[in-house]
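Chains: A, B, C, D, E, F, G and H, in written order; residue numbering restarts at 1 for each.
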Amino acid sequence: MTLPGASQLPIGAVVTEPGSTRRNTTAGWRAYKPVIHDDRCVRCQLCWLYCPEGTIVELRGVFQIGGRKYDVKYEVVYDYCKGCGICANECPTRAIEMVPEVV
Amino acid sequence: MREALTSNYAAAYAVKAADVDVIAVYPITPQTTIVEKLSEFVSSGELDAELIHTESEHSALSAVLGAAAAGARVFTATSSQGLALAYEVLHIASAMRMPIVMATPARALSAPINIHNDYSDVMNMRDTGWVIYIASSAQEVYDTVIQGYRVAEGVNLPVAVAYDGFLMSHTLEPVELNDEGEVAKFLPRAARPHVLDPRRPVTFGPLVSPDWYYEFKYQQVTAMNEAREWVVKTDVEYGQWFGRSYGLVEGYLLEDADYVVVTYGGAAYGNARAAADLARERGVAAGVLRIRLYRPFPTGEVVKALSGVKTFAVLDRAIMFGSPAEGPLYKDVVLAMYLHGVDKPSLNVIHGIGQRAMYVRDIYKVFQALREGPGRGVMYMGVRP
Amino acid sequence: MRFKTLRDLPREELFAPGHRMCAGCGAAIAMRWVTKVLGPNAIVANATGCVEVTTTPYPETAWMHPYIHVAFENAAAVASGIEAAVKALRRKGRWTAGDTKVVVIAGDGGTYDIGLQSLSGMLERRHDVLYILYDNEAYMNTGIQRSGSTPKFAWTTTTPVGAAARGKVQWKKDIMGIVMAHRVPYAATASISHVLDLANKVKTAAEVRGPTFLHIFAPCVPGWRYPENKTVEVARLAVETGYFPLYEWDHGKLRLNPPSNNHLDKSKRRPLREFLNVQGRFNHLTEEEVAELERELDSYWQYLSKLASISS
Amino acid sequence: MLEVRFHGRGGQGIVTAAQLLAAAAIYEGKYAQAFPEFGPERRGAPVKSYLRIWDRPIYVREPVLNPDVVVVSDLSLFKAENPLEGAKSVVVVNGFYKTPLRTYALDATALAVKVLGRPIVNTALVGAFVKAVEVVSLGAVLKALGKYFQGRLYELNARLVEMAYREVREI
Amino acid sequence: MREALTSNYAAAYAVKAADVDVIAVYPITPQTTIVEKLSEFVSSGELDAELIHTESEHSALSAVLGAAAAGARVFTATSSQGLALAYEVLHIASAMRMPIVMATPARALSAPINIHNDYSDVMNMRDTGWVIYIASSAQEVYDTVIQGYRVAEGVNLPVAVAYDGFLMSHTLEPVELNDEGEVAKFLPRAARPHVLDPRRPVTFGPLVSPDWYYEFKYQQVTAMNEAREWVVKTDVEYGQWFGRSYGLVEGYLLEDADYVVVTYGGAAYGNARAAADLARERGVAAGVLRIRLYRPFPTGEVVKALSGVKTFAVLDRAIMFGSPAEGPLYKDVVLAMYLHGVDKPSLNVIHGIGQRAMYVRDIYKVFQALREGPGRGVMYMGVRP
Amino acid sequence: MRFKTLRDLPREELFAPGHRMCAGCGAAIAMRWVTKVLGPNAIVANATGCVEVTTTPYPETAWMHPYIHVAFENAAAVASGIEAAVKALRRKGRWTAGDTKVVVIAGDGGTYDIGLQSLSGMLERRHDVLYILYDNEAYMNTGIQRSGSTPKFAWTTTTPVGAAARGKVQWKKDIMGIVMAHRVPYAATASISHVLDLANKVKTAAEVRGPTFLHIFAPCVPGWRYPENKTVEVARLAVETGYFPLYEWDHGKLRLNPPSNNHLDKSKRRPLREFLNVQGRFNHLTEEEVAELERELDSYWQYLSKLASISS
Amino acid sequence: MTLPGASQLPIGAVVTEPGSTRRNTTAGWRAYKPVIHDDRCVRCQLCWLYCPEGTIVELRGVFQIGGRKYDVKYEVVYDYCKGCGICANECPTRAIEMVPEVV
Amino acid sequence: MLEVRFHGRGGQGIVTAAQLLAAAAIYEGKYAQAFPEFGPERRGAPVKSYLRIWDRPIYVREPVLNPDVVVVSDLSLFKAENPLEGAKSVVVVNGFYKTPLRTYALDATALAVKVLGRPIVNTALVGAFVKAVEVVSLGAVLKALGKYFQGRLYELNARLVEMAYREVREI
């Protein structure tokens, strides 16, 4: 075993690194993955609002889509997305598509 | 300062001297007068602490656990049913390494309900990972609660200070009180390894899988050994500061004793000493060994004290049903001797259950029995079979 | 200051991904928003349950707040101790983290049942703690057993449907009624489907001094037996059918919040059936049973309307 | 070692009486032990408490079976039980009831009513005890009294102790 | 009838066969599937019982206690935190002499929380006055729950049937089921000494003073001894009825063994047997002794089994912190040997804490260690120190 | 059939004298009447407390009913088990004592605090049990410590009056509110001073199927510090000053009973002071504190009146 | 000791004699005893109603008091009366007097 | 002794798959053990279960480190972890993914959707296993199936098992 021993661990099983589940990517949980079709996105924020993993990020910048200009853009951080499909289900414009994962 | 206090009040005075921050308690006989005295101290302004009157002992221990995790110095106290109700949290408090100090005037467990003294409550917490002292005078209760904070905060383990319910908790005796300023110096606020601090967030109490769990249990094993050293060191230093110290075990007429009664608590030790005096008067080389630190068990000290005797009896005040012999201390002593390869005949005497009157003459009879011949096994004394 | 639009909501994530909650978990959505709105100066005491078990797989933690889990039934007692510690240490000059809020997070089992007493004690003693209940209507962590919160007729593994039984026999306990009977300054219901409302309630509840209570509706994929992408939809249906009304109990006054404030008029509510039909746990329901649930819901709305009227 | 048993009724304060005397002995540098008997009986029921005083540390914690002194707070107790059981030499009693032992009596009730306005006799009995047994000084008792009563209540009780001390007599 | 069942389901089938009247339970991993199966039986009408889903384990045990007092045949089940939370009532149930049967798939205690198997929960109830079996197969769980009713109702004591959480509770194995009509005959409804009956009112649970309390504790001591006889008798008769019996202890390759591992439960016993096979293959006279009845302790049987061996190791799956040696069974075995005047070197091996993977090769190493030379003390195996 | 006059009350005593309760104990009066009205076909489960400790000094018992005491916090759970046993055994033909009622008797500590959870569980599960709370407003058995029922400002040994404190800090918990939130079919308050009313409520509550609750006001001589002959007087003052209103919650409707039904009009209530003044535990109260108690009482009456109006 | 031993006692501390506290007279608790002056008694039943000990009994019979006739009469069972004085306090006609106990 | 490890996702029923096979073996008079691995992971997370089959009673209860057979319910699992770790000889897999070991493959998802209308693949994998490993008979599996599914659900799953049994092939 390469795990640390009792004398090396903080006492009482305290976890000292906040937010350290980030070390555990949950991409492998996915059978389907959400793909955002930015051209259909109206920036309603709902996917960002409802994602249980907080894994849809809001990028700031200048984004030109078709004839419209936006100051934000939504992207999936695939490391953590579990593929639940809530974002796709809630998206009012069906801008998010769930596509099967391939090996 | 010489005062006249019950052991319960002595505990309360020690808590005041330790300038405790958070107290959480729930009343139960015979612990109640500690709570009442502390309530007085807080409401008179003599002690600046938050006193939480919880809705149960499970919550009382949980509340001091939470407060300790937030970095406060804490105190609680309970007995009997209260201790049993908080049982789940006893294990958690030690494993989470919380420096809680708890006073435990010992009382018989239900059923049937009996508010009087024996050690069935305390003995049932002996494996929970707490440091357990058993005091035998109000003075010792006072001193030990103060020492307890040093040990608890030193080794990050909870500490219980047990003593006889009623027979001590409600018995007024002389107590020498320390200067509170000196106590404050003796008990500086130590920086704790981890506390609940928004500026350095940590997670207490995670889910731990088979890959990791054992290591934390092993840490507790190690910590118990360290605790033994902390207890010794603290006791010695306390003696230097305040003039009183006790050791892990205490002997009475032990030096040349052939027949020894091993016991704990106020009534058993007190009456055993009186009985030893009586026996000595009649020419029997009697002695008494008192266990002051019950957990971690002072194996070495006990074996050393008993190595020279002919035979001994362990006087227990609790019954562990269905065990090969039912006395809890007896099991510890036999095991301690075994581990050191010493084999001597000995008796387990069980007495004073539910505060059945335990007379000096009873213990005198134990010395007689020891002299009459070696034996192995349990002797129920004072019961009407 | 209330959040007026989604744009006002805090952007920083204070609940890390990588946790082990089910794909599509409603409680996960609740946790994200609770932690975001609380901001970093808070201490979390969590009861045993799905959230705790999935967020703290040693040696990792999803928490970015100081966090403590002790046991299942005592989160409110633990929080009481923490709050007292902060108070005492502050008075003695040893609490330097400023105005720290103490928050409990517990499931319905840890609140309606095994943790009710420590909650009640905390409320009675008036600790300055915000208690957050995420309600998924059963013991999910142990695999979907009935709790005091499970609705009547719902299937769980301990209320199976068989020759002699039709799911749970008893009604869901009225936890808000019990909490309000403790005369808390602020208590509210919220749903993960109505995030703005939820966020404002977390904020209000955290700001009020004294014990406050938030009851968050949080659907559960395996427990309620619906596809994992339907979580928000199910929660929304709960609100829109009137099954889970949104309201605040604010210093003795009951205020229904949108959209529930329109639902005193039954015709404005969607049929309860729509909420039931998406969930496998209600699959076995007969027409009569649905009707019974509807009747009970109507009488609950009557009670609410009276409460709203007398308290205004 | 002096061993004492107090007989009274729940609510009359005989636990305090035993404690006052123990505390007084302790303040004088002696060793002492005071402890109550405890049962389900409530206010009005006959109850007991105990006292030991010695000039050496007291180890023993067995029940007192043969008290040197018995203190009885109420004559009706003789009807309820036998306060003299096992008693060895002295009785201090509220009311003029001659026992086979050396008996010190006073009308503690009348005295208490006179001084405190209420028939609370425990401190009066303490005063009587001090006179009858001569094991602690009146001064030490007054010091101990200061731990149990403050202000006006202290003054009244102190007066009561002193009056009882003066008025008790052997019968 | 041959079935494929987990130990939890086996327990549920036994409860059905015993035609229990009242069940009160609260879910906790790994006990939950018992409750689920029983819920199924009741809701399908296969079992005519009142099933109370209480709001805590403290209440679950209290409810079955009340039901037993009213004369019902009762069942409950719990693990770990649930057992710890009900701790107060464990003592009361035995002292009130209630014939409760409880299944206890063993699980590690918090903190930290760990849902996996070890015996820290069960071992912490060893002194509470319950009869405690530890089974090592699903078949034995089934048989023992049924036997448990006969013992519980015979001697008026509560009976716990413990077994490995997960490693057995969730492991599907072959189980031979009895004819339920035969079980009904094997378990006739016995008239109880006292029940809550308006026509013959009695008072249960009075306040008992020091003058009387000790006698009831002594009754429990006596009852424990009687329980041992009931267990033997019941097991023999069960064998006659149903063709399977187990004894108080079970030996594997013991007859000529020089080196013996003493242990309990499914994984430890199973792997120890495999290890003994391995050792035998390599010429070591290895054997295994399994404790089936843990309380009352089968002192005589253990001493007899170990009298002829050279040395032995006690493999414990729980840690009693601060004890002279931390294994609970080790303490019992050492005391048992001592009481019979047998002194032999022995080791206390602690392994499988929190379900740390425990391999056959580990136990093989224990046999090796025993052969290498006698020792006394504790060996922590499988931990990363 | 209701008892109309004192003449109708049962004559047989089913609670034996010789028990060890204080001379003048209010709870003793309650026990006499509860047992008489229940009649012999009832089983009593008692929580630890004054009543239990004083009535069962081994080898004696004051009880003439089958009686069980297990612990302090679990009387409702024990009763749940007994009720289930009676039900199962009856179904299986093994309960031959007829229509036996299961009754809990518990103090305020055993109800408001440590026993609240088991009570709540029993109510939620709808056991056919009558729960009787005798309320002496503190933990009396252990020597007068504050409970969730102790009124604000009252002295107890754990809420002393000192430089930094003025008796209890918090308000008395509204146990009736909590119980009513459980939607029990019947719950009522009663006082030992109004025996006919009390007797009728015991009768009604015992007859209703399902969980019922009775809250009996029972003054305590040493705990409240009044002379032992004043027990009934103090209880009467509690009712007549409106401190302890008599009412019934009957299948969702609240009904004030005489004399409390006149007390919605404050002028019909005697001044609260009269109740406070007879008791030593309120000796230290200032004018302001009395006024605060009065204000709170007024607002409680407002709440009651609203409850009465909406539920009628 | 003359008390029975463990083997003679019912198991589990069950008390088998209902109402057996009657063996324990509490007359000794009294410092004052209530005396009913029957001539002043108007048979209101209140003393009987409120006695915490249930120790005021209602006797049936024909009782001539002054000019009036009653079919009941109230008497104190002194074995159990603890002398609390509630009866005297509640009696509307002050028919009950509390007199000191004498030895 | 045959040792098997199943890889799947929380909610896919691989615990049931292992149990079905163990039960089948038991009904045939063999000895068997089936047990799950358990962690905080929920629906969707990779999980494992284990199976042992022998013709003698099985004592051993140690973890399976070197399975003779590995069953993989989902190709994406190869991305999430290494299902072949320690594996000795055979792999049964949903999807046509050739491993270094003897590999039996079928499109269980398609089959399940076709038969059950839902992509629940566990029973299909059981059918494939029976064919690939030949340790229990199809009949015994169908008997075991009857304990887990009733009525229509039983029929559909039985069909699925049989179809998978027929369609699986070595690749």
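Rule of thumb we're sticking to: contacts are C-beta pairs under 8 Å (C-beta built on N, C-alpha and C of every residue); 3 or more make two chains touch, one makes a residue touch a chain.
These numbers come from a predicted model, not from an experiment.
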Required minimum of steps from chain E to chain F, each step between chains that touch
1
Between F-G and D-F, which chain pair is linked by more C-beta pairs in contact?
F-G
Measuring centre to centre, with centres taken as mean CA positions, what chain is farthest from chain C?
D
Between chain C and chain A, distance of the C-alpha-averaged centres to the nearest whole Å:
24
Chain B to chain H, mean C-alpha position gap in Å, rounds to 56
Indicate the whole-number Å distance between the mean C-alpha point of chain B and the mean C-alpha point of chain D.
33
Two or more other chains touching the same residue: where does that happen in chain C?
20-21, 23-25, 52-53, 56-61, 63-65, 69-71, 73, 112-114, 116-117, 120-121, 124-125, 148, 228
For chain D, what residues touch not just one other chain but two or more?
39-40, 44-45
Where in chain E do residues touch at least two different other chains?
29, 53, 55-56, 58, 81, 85, 88, 92, 95-96, 110-113, 115-116, 201-209, 211-212, 215-216, 218, 357, 383-385
Within their complex, chain H touches chain A through residues 9, 44-46, 74-81, 95, 97
Sort out for me which residues of chain B touch chain E in the complex.
58, 81, 84-85, 87-88, 91-92, 94-96, 108-116, 123-124, 126-132, 205-211, 213-218, 220-221, 224, 227, 295-297, 299, 319-326, 328, 330-332, 334-336, 338-341, 343, 353-357, 376-377, 380, 382-385
Sort out for me which residues of chain D touch chain B in the complex.
18-19, 22-23, 26-27, 29, 31-36, 38, 58-63, 144, 147
State the interface residues of chain A toward chain C in the complex, per the touch definition above.
13, 15, 17-26, 29-30, 45, 49-55, 58, 77, 79-80, 82-86, 88-90, 98
Quick one: which bits of chain C touch chain B in the complex? Just the residue numbers, please.
40-43, 45, 52-53, 56-61, 63-71, 73-74, 76-82, 84-89, 91-92, 94, 97-98, 100, 117-118, 120-121, 124-125
